[in-house]
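Just below sit the structures, each encoded as structure tokens.
Across the two complexes that follow, subunit A remains constant while its partner is subunit B and subsequently subunit C.
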Partner chain A sequence: MTQVLILTLDAANFMLALLLVTLGLVIIFGLMNVINMAHGELFLLGAYSVVLVERAGGSYWLALLAAPALLALIGLLIEELVVRHVYHRFIDTILATWGLSLVIKQAVIIAFGPTAQQVSNPLPQPVEILGAVYPAFRLFIMAVSVGVAAGIFFLFYRSRLGLAARAVIANRPMASTLGINTRRMDRMTFALGAALAGLAGAVMAPLMSVDPQMGVGFLIPAFLSILVGGTGSLLGALLGTTLIAGSSSVVSSIWTQIVAQMVVFGLAIVVIRLFPQGLTGARR
Partner chain B sequence: MASPALRITGLAAGYPDAGRVLEGVDLSIETGESVALMGRNGMGKTTLLRAIMGWIRPQAGRVDFAGRNVTGWQPFALSHAGIAYVPQGREIFKDFSVEDNLRLGLIGKKHLPQRVPDLVYQRFPVLAQRRAQKAGTLSGGEQQQLAIARAIVGRPRLLLLDEPSEGIQPSIVHALGEAVTAIAREEGMSVLLVEQNLDLVLALTTRCLFMENGRIVAEGETRHMRKDSELLERYLSV
Partner chain C sequence: MLGAEAMRPGLRIAVTFAVWIALFLLPLTVDDWRLTQLAQFVSYGIFAMSLAFVWGQSGLLCFGHAIFFGIGGYAMAVLTKGMLPGWPQGTAFGLCAATLLPGLLALLAGTLMFRGRGLSGAYFAIVTLAAAVIVERSASHWTFIGGFNGLLGIPPLRAGTSELVDALPAYYTLLGFAALVFGLLLWIERSPLGTALRAIRDNETRTAYFGFDVAVYKTLGFAIAGGIAGFAGGLFVTQFGFVSPALIGVPLSTEVLIWTALGGREVLLAAFLGALLVRTVEAALSDLLGYYWLLGLGVLFILTVVLFPSGLLGRALALPLPQRLRPPRERTR
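This part shows the complex of A and B:
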């Protein structure tokens, strides 16, 4: 019983961190029609921000605030310098952001070296819930992710800003014609997406090996989640990450990581074959 | 004398794959004036509205609005300056509620109160009944009323209307004409109407421009159009 509980908590943990990455990708794709191949590296930069802050003598909690703020800034910069110039050329956005991902990864290697960095666990003591002993920090991650994801959903579906954003997604020229500043919307969207990736990187840093390859490990399941869930809504991201992260965690606990990957890809192929627009796409 | 609401000089524009459509358009609309733009299909009427609203970039020429050079401005900037556009096909947000569609007409206008004014629902009572309904479930005529209402809540100084009568029953066309005329008169709003439906042109406008091959080639007073059908004959009949 405790075994099942721990497995469920682990799956939820992975799913929630993945959700932060996926939400950023979905919002950027929905609003700007840009597939951000550098999203994994924004996650990476979030994790390395923690390394940087801790080296400078700051606490993990300070890093947790600094990482999304720094990444929002980097997002603004990327939008202004790169993405803005290739908006109307879909394939070029993929190439440009992919190029950017290589640059970021190499810059990180130059700055920190290719080996893994250590980030201390800020909440090392475990807690007991329902008879299972579980790391407190993982529970903290889940709380942060749930809070942030709920905030994003609220912002998107309940606020005026969200209404404007959804209007841009539904019909960009008409939204602009009604006076919605699409330029500012693009900037904010990219900054928000980058901040979410940065936050995900920062919360995962104490649990993962912080090395220059860690971004890819999150980007691929995030893309799979979007393909499975559908690009049309944030609900798709939620559904996709639940399915991908859930199946991956469960299978890898029973067999191995490799079998888990095979099962996840197989599952994704089946779902995409049955629902080419993703699980939420069919209903639109 | 005050500068005209809209003055266009030598405007040329087109599409990357279809070449140039507008070949140097000149026109001027006074404040509070309602003007019809007529002509056969493919003569550039819709393209002209799109070029004015910044949906396509002009290749040459100049657009002045309320005394300011607005050539090449983005749609949202033109909207802030006071131009509203109801495109062909209406382009309402079908998955959003009627109320949300109307809120979107206000959302970019920071200086206006963000509550949809009751006056809009009084002018278009059917929208009040359908307030919470998804806009995609409305009939064609209701959707057209929504599109016009959405443009008008933002208190524009100039309204660009592209074929509002398309696919709508005559009784509703008549009501639309009356509503827009009343709003234009009360608010001092100018209107540029692209239309094939003569009844709406007669109800709404005082001057007619005729377009052929990307240029304005003739004009006349609307009230003469019913008697003197020579212009209509020459530029509209196929």
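This part shows the complex of A and C:
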């Protein structure tokens, strides 16, 4: 029984961490129609900003606030310097952001070295829930993720800003004729997406080995999640991450993590092939 | 393409010829050690041409193109090392297998991906990226093909009974193959099949309304590129003597994208030279620059994508369109 509980908690933990990354991706893709291949590296920068803050003597909790703020700035910068120039060439946005991911990764290697960095666990005590002993920090991650996801959903479906954003997603030219400043919307969207990636990186840093390759490990599952779930809405991202994270947790508890990755990626490709609009997408 | 339009068609053909002549005269100026290295780079160049064909002509941005290169390399290695008892071990058979196996695989994958409401654009890119991860992982866990360590001691190319171990004949053999591939791909590009592929690249829906079975054409283009990439992989391992999962995964797929984008995605020779030049500069400078080399290459890649989508060499090396596709006033009587 406790085995099952721990497995469920692990799956939920992975799913919620993935959801943080995926939300940023799906917002950028949905609103701007930009496939942000550098999203994994924004996640990476989030984790490294924790390293940086801790080196400067700041606490982890300070880093948790600093990381999204820093990444929002970096996101603005990237949008202004690179992404803005290739909006109209869809395939080139993939290439340009892919190039960005290489550059960021390489810059991190130059600044911090290729080896893994340690981030101390701010909540080392485990807690007991229903007879199972579980690390407190993982529960904290889940709480953060649920909170942020709820915040994003509220922002998108219950606020004026969200209404405008959904208008841009639905019909960009129409939205701009109605007086919505799409240019400002794009800038804010990219900054928000980057900030979410940074937050995810900062939140996950104490659990992972913080090294320059950690971004890719999240980028591909996050992409597969939005394609499986459907790119049109946030609900698709929720469904996609649940399926990807759930199935990979289950498979990796039976076999190894590597087999799990292969099986899940393979299955995701099949699902994407069968439902090109995603599982929540409208049938054409 | 303003620069290309400004140049007379005859001049542009002359530039292409001049480049090939220069490549054939290159051994006069470099030593044996560099020549051996260049022979490897030529096989990378063939690989880049196959990507330029599938991406620049057919509009399919493949993030896992090294899958085919790697399968070709592994097929060549397994056969010429005699790891399959009862199968021929010759160079020719090895190269055929290294071409056909990935080609057929691409045909199958293309059929699965493009038929019906197929995958397009970004989805294709992400699916091929995920596939590259899967294939690289599988290769490094398959003990028959050496697992993570790969296979060592792959024999060089054989012509009859003699082995091509010297730098000069090896270079010329590789360059000859490259010229052959260039000719073949150029011929396909300028044939009606090539025209249809470019039409699909520019506007898939419109091409479909003209009555073309888009999925079949895309699958065919993908299979041709997969076969050529496998051929390049087969040639590469005979020069390198070693095959490992590094040849089949995301890193090499990324590199070939960079070479092709820097050279020029729509022009075969530009992509070929892109691979050669980037690798040559890398060999000369990467020790000196260390991590800064990749950083600089990445920045150059972004600048090229944003500012010069047709690549740094693409304009200079673009050949004029076939006569039948030129607007009437440009036709030479």
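Observations, loosely collected:
Basically, the second predicted complex is superposed on the first by the 281 of 284 C-alpha atoms of A that agree within 3 Å, B and C clash if a C-alpha of one lies under 4 Å from a C-alpha of the other, contacts with A are read in each partner's own complex, and residues count from 1 in each chain.
The criterion applied here is as follows: a residue touches a chain if its C-beta (ideal position, glycine included) is under 8 Å from a C-beta of that chain, and two chains touch if they have at least 3 such contacts.
Every value quoted in this text rests on a predicted model; they were computed, and no experiment measured them.
Judged by the touch definition given at the top, the superposed model places A:L155 against neither subunit B nor subunit C.
Contact with subunit C, but none with subunit B, is seen for A:V103 once the two complexes are overlaid on the shared chain.
Of the two partner chains placed by superposition, only subunit C is touched by A:F90; subunit B is not.
Contacts of A:L178 after superposition on the shared chain: subunit B is touched, whereas subunit C is not. Shared contact residues on subunit A (touching subunit B in one structure, subunit C in the other): 284. The touching residues of subunit A, when paired with subunit C in their complex, are 35, 82, 85-86, 89-92, 94-96, 98-100, 102-103, 106-107, 109-110, 216, 220, 223-224, 227, 258, 261-262, 265-266, 268-269, 272-273, 276, 284. Within the complex, the subunit C residues that touch subunit A are 59, 61, 112-113, 117-119, 121-123, 125-127, 129-131, 133-134, 137-138, 141, 250, 254, 257-258, 261, 291-292, 294-295, 297-299, 301-302, 305-307, 309. Those residues of subunit A lying in contact with subunit B across their complex are 160, 163-164, 166-167, 170-171, 173-183, 284. Residues 53-55, 74-76, 79-80, 84-85, 87, 91, 93, 95-96, 100, 103-105, 107-109, 114, 150, 154 of subunit B touch subunit A in their complex.
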